[in-house]
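Two complexes come next, and they have one chain in common, subunit A, joined by subunit B in the first and subunit C in the second.
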Partner chain A sequence: MARTPAELAGANPGASFEITMDGRPVPALPGQSVAAALWSAGILAWRTTRTTGRPRGAFCGIGQCYDCLATINGEPNRRACLVPASPGDAITTQEGHGHARIGV
Partner chain B sequence: MPASVSDPYDLAVLGAGAAGLAGAVTAAELGLSVALLDAAPQTGGQFYRHPAPAFGAVRPEALHHDWAAFAELRRRLERSDIRRLSGHHVWAVTKEDGDLWAVHAVTGPDGTGEQAVRVRARTILLATGAYERQLPFPGWTVPGVVGAGGAQAMLKSGLVLPGKRIVVAGSGPLLLAVASSLAAAGAQVPAVIEASGYLGYARHPGALAANPRKLVEAAVHGAALLRHRVRLRTRSAVTEVHGTDRVAAVTVTRLDRDWRPVRGTGRRIACDALAVGHGLVPQIELATALGCATRRTADGTSALALNAHQETSVCGLWAAGETGGVGGAPLARTEGELAGLAAAARLHGRPADEGRVRALRRRRDRMRAFADAMAAGHAPAAGWTDWLTDDTEVCRCEEVTAGTLREAVSDLGARDARTVKLLTRAGMGWCQGRMCGTAAACLAAGDGAAEPPAERRPFAVPVPLSALASSDDSTGGRPDAVPPVDD
Partner chain C sequence: MLSRRSSDVIVVGAGVVGAACAYYASRAGLSVTVVDRGPVAGGTTGAGEGNLLVSDKEHGPELDLALLSTGLWQELAELLPPQIEFEPKGGLVVAADETAMRALRDFAAGQRTAGVRADEIPADRLRELEPHLTPGLAGGFHYPQDAQVMPALAAAHLLRAGGDRVCLRLGEEVTGLLTTADGAVRGVRTAVGEVSAPYVVNAAGTWGGDFARLAGVALPVLPRRGFVLVTEPLPRVVRRKVYAADYVADVASGSAALQTSAVVEGTAAGPVLIGASRERVGFDRTLSTEVLRRLAAQATALFPVLAGVRAMRTYVGFRPYLPDHLPAIGPDPRVPGLLHACGHEGAGIGLAPATGLLIARSLSGAEPPLDPGPFHPARFDAEAAV
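Right after this comes the complex of A and B.
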């Protein structure tokens, strides 16, 4: 019986590369979305809500719910479940609407 | 393919899942020029979602039922000259002068690419599938609570799990498939919690007997659950999630016939994730924005009203698969083929092959009957709103609680979903009511069983102003300017 999803699907991915989550290194596999890479590292939340500041992460997994919004390389409101991870990507927790630095 | 980039396609297919693929290859094989648009980088839609090529997965079929059917559609796609436009998020379909359709899309993995695109076509096949229906409960916004379909989607494409010990809950046949794939991928699944029973199916013996493959499929999932020691609890629901920053446990409560929680029956199950969903909702915004007629399905959702040839109430716009009522991949393939035949017949001005159409229609009607029986068996009953506490968030985007929604009804006099939305902002956020629409409509109606009315929204997905600015005739992007994406 398969122990991991990768074993089940007979995956033979290329070498993993590194992205960071709030500065902490996280390994990612070629072909993985940002959300998938974060889940692999046990990270389930990468956003706080606008009103109550509660943590959120991927929910619907297919780009419909917009709960997985993250700040990727400084750009807020990217859907982490859709955006593929690229080597060196800097993911930061998106606070609220993510535009605090432009003062809106 | 059209002779020049400014020529319209004969058919634009929106969605490259089972229905869209079948429609596209059928039409192309009959000589139509076809553009196939999809938001994802790969074909397959949600059902046949699979790892990116970089994973080198040699057994993608391990996570799917009936992979061979998809492989065959993909072979036919590769042999065709269908123009594949992946990474295209369609935000509107409009009618242009001269009876042509214009399909407007933003591009890139999440639709934030620079390029806005307009594709012109003589006919349209809408095959945009479905998304999961959610009914809120206390704690459903805690990280680790994910959609049941969402958990499966992340597993199929990213080969990841949200936790090690995952409870699967909600209602509908998808739960069994999700539980068996999560367990096969190494997760511990202590229980599947189904709000309905399965006895409802027995009220439709004809539909069951006519669809033996469905019974085999159910038996396969059932056997997998037994093998993985997954317990199935019917007439129960997760009524609370414990944990603040992460799921630590859930409380499972028995439900009465109306889905009201039975007091004193709550039992705690330790877990680090919960995969939850209550069936699927047809994704039809692009069609309702054009005024297409809808019908109410057996489990209360809105689906497109279609004629025997899969055409919507708007001439030249066909639909197939979940958009006409949720029914699964084999039904979607059959309907896609029928729609492809119908579009080709219209453009060629001669009827389609009668024998082929007759056989397809028979298969479609048989599978539709089964889908309706299943939908009726899992329709949410009115009492579910009793498991909402006043501080349960209903609208995840705008953080609007059940208490606020109830107040809008009891104190402010709102009687319908639209008024509740205007008073509370529930449904006005990023997801445009896809996650909270059912719940907000139920609370507005006060009977727990209402469905949101089909809405006419000008934008099916968020569109940057820059894309609108570039979408006039003179600067409208051409599909050929978009780099091709490998499947």
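Right after this comes the complex of A and C.
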């Protein structure tokens, strides 16, 4: 059986907690990024591109490529790979720029 | 040294003004070599917002040039590919109080006599035009002739539209002007060799004074620094180019000190561009957080919605400033064969086609499309002599 990254690193994280992805509960560990928590739950895409609506998720995973943008607690364009998950965080699929409500 | 028998005209500078000179000269049947030490649009063209404005110009020669250019840009927009992002979106100038509104009214009255369309917008109608504008403004003026292009792409496509008659030499710095025994132009020397032509056009923008010096003449072009703040991509939140009335006074000012006024506009690509700052600090590219702070504060005062979006980046550029705020366009009587097309300050994108057309007409000996007198490149010598 494949070993988990936590085993490989000899990590001993605290108790898991819950965040949500489009309302669906997702478990997260203390210190885990939002992107890591979503990946662990098998969720690979949480944004669509502005022009053609194609799916996007984590690419570089280290804050450089801005592909993993997500709407976190209502705030669009957060880099999911850098934001540590906090109990109760509500992640929602971001459509395009994520600012549709201010369009005129 | 290499010597190239090149073309009828050499244009020094591959910014939008050089591109327009090359384009209109090629249309007139001339062959053109464009030489630039950097890439296309590597100087001030690539650091602008792409404004094609009549609204900020008072009644006078620059406005006449802008109006001519407005028509030419419309023709070019039909001809060039959509990638130049030509948007005839109009401008909206807003006044904070009645005093500013009266000044705008007088300003617009003068502009109308030159053929500018300026429609007064009462305070209660401002938000029909721009729903996110802050409440409490005194009113404004709508200028439907104002437009925008993506300046770097516009320059590149103008050069391409010149076709086989336009030859580009990029990354090749001009190091001297070649003249005949009797002082007439016969080409330029570059870091690579010599390029020959009987006419040389100085379209070196903010560095136009340096090139003039190489040619042995004085042209007092100075850099006037400006920063632009760029937001994350947004849906259309600002429909037009919207700016505060004090911008007009800042543009017209000759002060070297820092001036900022709110200028806000959306782009086809999504980000909102926030300007405008002016200061004469030489070619210092150091990031000024004070300027950015003022730009952000003024923009969010005008459009409170912007307080909730991120600024992603900033860029800086140097407007080519001449002391009377008019460009230098036309033949230089001091050096036969030398022409200037520079010093357009912050209006170079807008004024490029009319400038190119003036230069092309001059080169081919045709009637100028308007009186080039006010743009005479040796006018500063004359002033010094008085």
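In this text, the second predicted complex is superposed on the first by the 101 of 104 C-alpha atoms of A that agree within 3 Å, B and C clash if a C-alpha of one lies under 4 Å from a C-alpha of the other, contacts with A are read in each partner's own complex, and residues count from 1 in each chain.
Keep this in mind: a residue touches a chain if its C-beta (ideal position, glycine included) is under 8 Å from a C-beta of that chain, and two chains touch if they have at least 3 such contacts.
Small disclaimer: the values here were computed from a predicted structure and weren't measured.
A.B. asks: Have a look at where A:H99 lands relative to subunit B and subunit C in the superposition and call it first, second, both or neither.
C.D. replies: In the superposition, A:H99 contacts subunit C only.
A.B. asks: Tell me which partner A:A58 touches in the superposition: subunit B (first), subunit C (second), both or neither.
C.D. replies: Only subunit B is touched by A:A58; subunit C is not.
A.B. asks: For A:R50, select first, second, both or neither according to whether it touches subunit B, subunit C, the two together, or no partner.
C.D. replies: Both subunit B and subunit C are touched by A:R50.
A.B. asks: Quick check on the superposed pair: does A:D67 touch subunit B, subunit C, both, or neither? Answer first, second, both or neither.
C.D. replies: first
A.B. asks: Thinking of the overlay built on chain A, is A:A90 touched by subunit B (first), by subunit C (second), by both, or by neither?
C.D. replies: neither
A.B. asks: Counting only touches as set out at the top, which of subunit B and subunit C does A:L29 meet: first, second, both, neither?
C.D. replies: Touch partner of A:L29: subunit B, not subunit C.
A.B. asks: Which touches a greater number of subunit A residues, subunit B or subunit C?
C.D. replies: Looking at subunit B versus subunit C, the one contacting more residues of subunit A is B.
A.B. asks: Output the subunit A positions appearing in both contact lists, the one against subunit B and the one against subunit C.
C.D. replies: In subunit A, positions 50 sit in both the subunit B and subunit C interfaces.
A.B. asks: Flag every residue of subunit A that touches subunit C in the complex, lowest number first.
C.D. replies: It is residues 50, 77, 97, 99-100, 102-104 of subunit A that touch subunit C.
A.B. asks: For subunit C, which residues count as touching subunit A in their complex?
C.D. replies: Per the touch definition, subunit C meets subunit A at residues 130-132, 232-237, 239, 270, 305, 308-310.
A.B. asks: Which subunit B residues qualify as touching subunit A in the complex?
C.D. replies: The touching residues are 39, 41, 46, 51-60, 62-63, 109-110, 112, 131-132, 141, 143-147, 149-155, 157-162, 184-186, 245-246, 273, 396-397, 399, 429-431, 434-435.
A.B. asks: Along subunit A, where are the residues that touch subunit B in the complex?
C.D. replies: 1-14, 29-33, 35-37, 39-40, 44-45, 49-52, 54-67, 69, 75, 78-79, 81-84
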